[in-house]
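After this come two complexes, each holding chain A, first together with chain B and then together with chain C.
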Partner chain A sequence: MLEIKNIKENNHDILLLEGEVDASNSVELDSSIQQLSEEGATVILVDASGLEYISSAGLGVFMSYLEDFQERNVKMIIFGLKEKVHQVFVILGLDKLMNIKKSKEEALEEVK
Partner chain B sequence: MIKLPNPNIGKVSLLVAILTWLALLFVDITRIFGIINQMESGVSPDVSFVLEIIFFITVYLFYNYTISKSEDNDFLNLIWRGASTGLVASGVSILIGFFYSLLGESKLASDLLLKNFFYHVNFALITLFLISCSLLWKHLILYQKSKNVVKQWQLFEILLLVSMFFIFFNKNSLDYSFLFGLVILTVFSISLSINLKWIPYLTFKEKWKSILFLAIIILSTAYLFGQILRYSESDLILVNLTDNLFLIGLFSFVFFYSLFSFLVTLFNLPTSSVFEQKLIEAINFQRLSQSIKPGQNENQVLDILIDSSMSAAYADAGWLEIKDPEGQSFFLHERFVEKDSTHQLYRHINALKPFSNFDWEKTGNENIIYQGRIEHNPYKSALVVPLVINQKTLGRLYLVKEVKDGFNKEMVNIISTFVGQACISVENYRLLNEAIKNERYKEELKIAQRVQRSLLPKTLHHDKSFEIAAFSVAADEVGGDYYETYPLGPRKFAIIIGDVSGKGTSAAFNMSQMKGIFHSLVQLNPSPAEFIKKANSALGLCLEKNHFITTSFYIIDTDQKTITYSRAGHCPTLYYKSAQNECDYLSIDGMGLGILRSGLFDNYVHEKTFVFQQGDVMLLYTDGIIEAKNESGTEFGYERLKTVLKSYCHLSPKQIQEKIISDVYQFIGKTAIMDDDYSMVVIKFK
Partner chain C sequence: MKKRLRLYCNTDQLVNLRQFLDEKLRHTPLSEIDSLQVILAVEEVCANLIIHSHECNPTEFIELDVNRQNGTIIFEIKDYGQGFNILEYQEPNIDHVLKTKRKGGLGIMLVKKIMDKIEFESNGTKNTCRLFKNLESK
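Our next item is the complex of A and B:
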């Protein structure tokens, strides 16, 4: 089960993820990011504090936007990752490429 | 033992009847000779009466047999049989009368012998006609059998049988007892004559024909009855065979039933078409409800639908509008309208209220029927019924008529039933097709599964310095886990384990790409880091944007007793060091293949070498094992795997693998569904 909420806070787009991202619902995550990207968002904050699990298909969604966002200068920051989920990012090496912050404050600091 | 011949009742009774009639003739002629020659023949009238009764019974048996045996028992045929017998009997009687009128006052005209001979012929024909008619009526009366009617008929037959013997008491005099018997038979005949349930099943044309035949029967009956009365008044007849209660009773029965049938059929004529229509509707309904047979398609059901609906509503024109899966409307089965005028009429109808209220997207369309007036020459009223399958509107049925308010409640009801049934048939057909398709997909997946299993190695290369065991199982029919070994030299082996992102078919395809890349690159004898870099650049060209592959690549050199490895985003390998009796994950940085598809990737590739010792165990696995969850949502996890390996490290690789897998299964519990692929390779050094 995955629930995605799109919140606008102080001009920032925050994507609130809750539950688990797996092969069956990774498309929803993809379309949410796609939508923000099409709306011209320059900063996308992903609140992953409610994320219990992410499968390879879910990681693939984040991965697929890396190059595109870098070219267009779009900042995507993930924060609040649980230790277990963070570990998945680390093992895959995605922590080296993605902007991962511990907390929302750190993430907001980054985009000031 | 003498074999008794199986008697044919029809033939036997016919033969006996003819013989009886001849005997009757002979007895009477003997009596006449006796009178002419003034001799007492000594034959009492009772002999004639006994023969007469035998004749009646055998004729009755004969007709009962032939009618029940006859195959062609439709109503019209039955009535025609009666009418034709009546025609023959009256015809012969008329001919005899004509013959006598030719004779005039000649001597022959008053000849006793000739007169009596013709009387016997007439008697026989009248008996045949009456008995055959009665039995035909029996057939019609018992068309819709009920216990009461059958009982009534049986009682009537008994009464008839009794009436045959009445002659012995009554001696041919028209007294009160005769009249009493006749009244009873007549009352019974009339009460039987109300059983006319066969009439509504005749079509309009058949009704006309049956009216004609019944008229023939009535006229024949009346004429023959008159004939009998004339005979009984004549004094030339010695033994009166026809003033018999049985025969007169039959006259009354045949006459009343014919009369009733005649009148009822006549009055049924105007409403005949309604019954016919209902019958056609019932048949159409049955045709619609029969599921579509193999080789047919939805079109045939829709074809029956428009025909049935048009005939039910007496519509002057009609067609179907069907939406194809792309949402394009097209017309189907146009009846009595030209293509161009269909479009004009279609636009005209849909611009008018209430037809314009229709909404394709709305649910519950199946309960809405649109009808109203239109002004499109020559059509004045229209009816539109939506075809709805599974809450989705598939199309619409259009019917138009040249009269105002041409669709009454009954028509609308029957048409909506037709439409409902047609929709069910179409839905069943689609479901069946889908089921067949799914079955085919399943077969295809089974093939894919076989192919993919063959991509995993059957033999694992090693030498006497280490033992190796491997295991893989997919959550779906096909999976994305991969492992393989390759001998780089006599004492040098490459080992790879990989996991493709996603699962199912797409993962399986990417896994086979990985296998191809492994086999191409390993030929070049690369170092683990080189292998990972080259594999990334190769995969970067062929993997979809959001797919990646994690892998670990090992080179075991049993001469040097070294292991060199590199990790590309794959789960860190678990290593048991026998010297320290400790398990640990081999930590090294690395990024999954396909994540970064530029040259920058090479910066993230690392390589390490270490020395192995006897008793060391290396466990390569995929993330399915770590992420295996039990009912409460807890993962198997890295720590548990560590503990498990340590406790089994003294076993052989095959045993270790089996123990770990059984521990994982035990952990997730029987009810849990496996939702990822599990694979592992266990190596133990000697």
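Our next item is the complex of A and C:
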């Protein structure tokens, strides 16, 4: 089960993820990010504090936006990852490629 | 305790797979972090078969057996049909995944990083992939 909420907070878009991302639902994550991207979001904060699991399908979605967002100066920051989920990013070194912050405060600090 | 799971080829089944594996791993010395990674690796192989070898045809199935042997937990994944030889598959590197914006390609990388040993055999109709994880490696 994956639940995605899109919250507008001040000038930021926050994608709140709850549950598990796998090959059955990664397309939902993809369309949520795609939608924000099409709306012209320049800052996308991904609140992953409610994320219990992510498989390669979900990692692949985040990866597929990195180059585009870098070219277009869009900041996507993932924050609040539980340690067990964070470690999945670490296995492939994706924690070095993506902008990952421990807390919402740290994420907001980055986009001040 | 049930050690075998039949998984019909639909990605909606993956959640059942995780529950099954979670129960099996609960009785091992693996930490929560390691258990999750083992679940992930087994799921990656199964998802790959479901999506690519069986094109999500829900009338087809794959079978998973879990066994413990001398401090190692072994996951044996069997499917029938066009095999996927995980050992011969050349996974792309991360830079390539990034540049081509492809959403796949990371799964097999994860399996190879997480598991201690991987075997594959096929007789042309039945394919067997075995994933080994040492329980006392840490």
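The working rule: the second predicted complex is superposed on the first by the 112 of 112 C-alpha atoms of A that agree within 3 Å, B and C clash if a C-alpha of one lies under 4 Å from a C-alpha of the other, contacts with A are read in each partner's own complex, and residues count from 1 in each chain.
Heads up, the rule we're going with is that a contact is a pair of C-beta atoms (placed from the backbone, for glycine too) under 8 Å apart; a residue touches a chain by one contact, two chains touch by 3 or more.
Just so it is clear, the structure is predicted and the values come from calculations on it, not from any experiment.
> Are chain B and chain C a fit on chain A, or do they clash, once the structures share the same frame?
clash
> Please work out whether A:Lys102 is in contact with chain B alone, chain C alone, both, or neither, and reply first, second, both or neither.
A:Lys102 contacts neither chain B nor chain C.
> For A:Tyr53, using the defined touch cut-off, is the partner it touches chain B, chain C, both, or neither? Pick first, second, both or neither.
both
> Under the stated touch criterion, which partner chain does A:Ile91 make contact with: chain B (first), chain C (second), both, or neither?
A:Ile91 contacts both chain B and chain C.
> With both structures superposed, pick whichever of chain B and chain C touches the larger number of chain A residues.
C
> Name the contact category of A:Met1: first (chain B only), second (chain C only), both, or neither.
Second partner only, chain C.
> Have a look at where A:Met63 lands relative to chain B and chain C in the superposition and call it first, second, both or neither.
Both chain B and chain C are touched by A:Met63.
> Between chain B (first) and chain C (second), which, if any, makes contact with A:Arg72: first, second, both or neither?
After superposing on A, A:Arg72 lies clear of both chain B and chain C.
> Tell me which region of chain B runs into chain C after superposition, given the options 441-449, 459-467 or 603-611.
441-449
> Which residues would you name on chain A as touching chain B in one complex and chain C in the other?
Touching chain B in the first complex and chain C in the second, residues 22-23, 30, 53, 55-57, 59-61, 63-64, 66-67, 84, 91-94, 97 of chain A appear in both lists.
> Would you mind writing out the residues of chain A in touch with chain C in their complex?
1, 20, 22-24, 26, 30, 53, 55-57, 59-61, 63-68, 83-85, 87-88, 91-94, 97
> Where on chain B does chain A make contact in their complex?
Result: residues 499-504, 545-548, 550, 568-572, 589-592, 595-597, 604, 623, 627, 633, 635, 675-676 of chain B touch chain A.
> Once bound in the complex, which stretches of chain A touch chain B?
These residues of chain A touch chain B: 22-23, 30, 52-53, 55-57, 59-61, 63-64, 66-67, 84, 91-94, 96-97.
> Please give the residue numbers of chain C that touch chain A in the complex, ascending.
Residues in contact with chain A: 11-12, 14-15, 18, 32-33, 36-37, 39-40, 43-44, 47, 50-51, 94, 97-99, 101-107, 109-110, 113-114.
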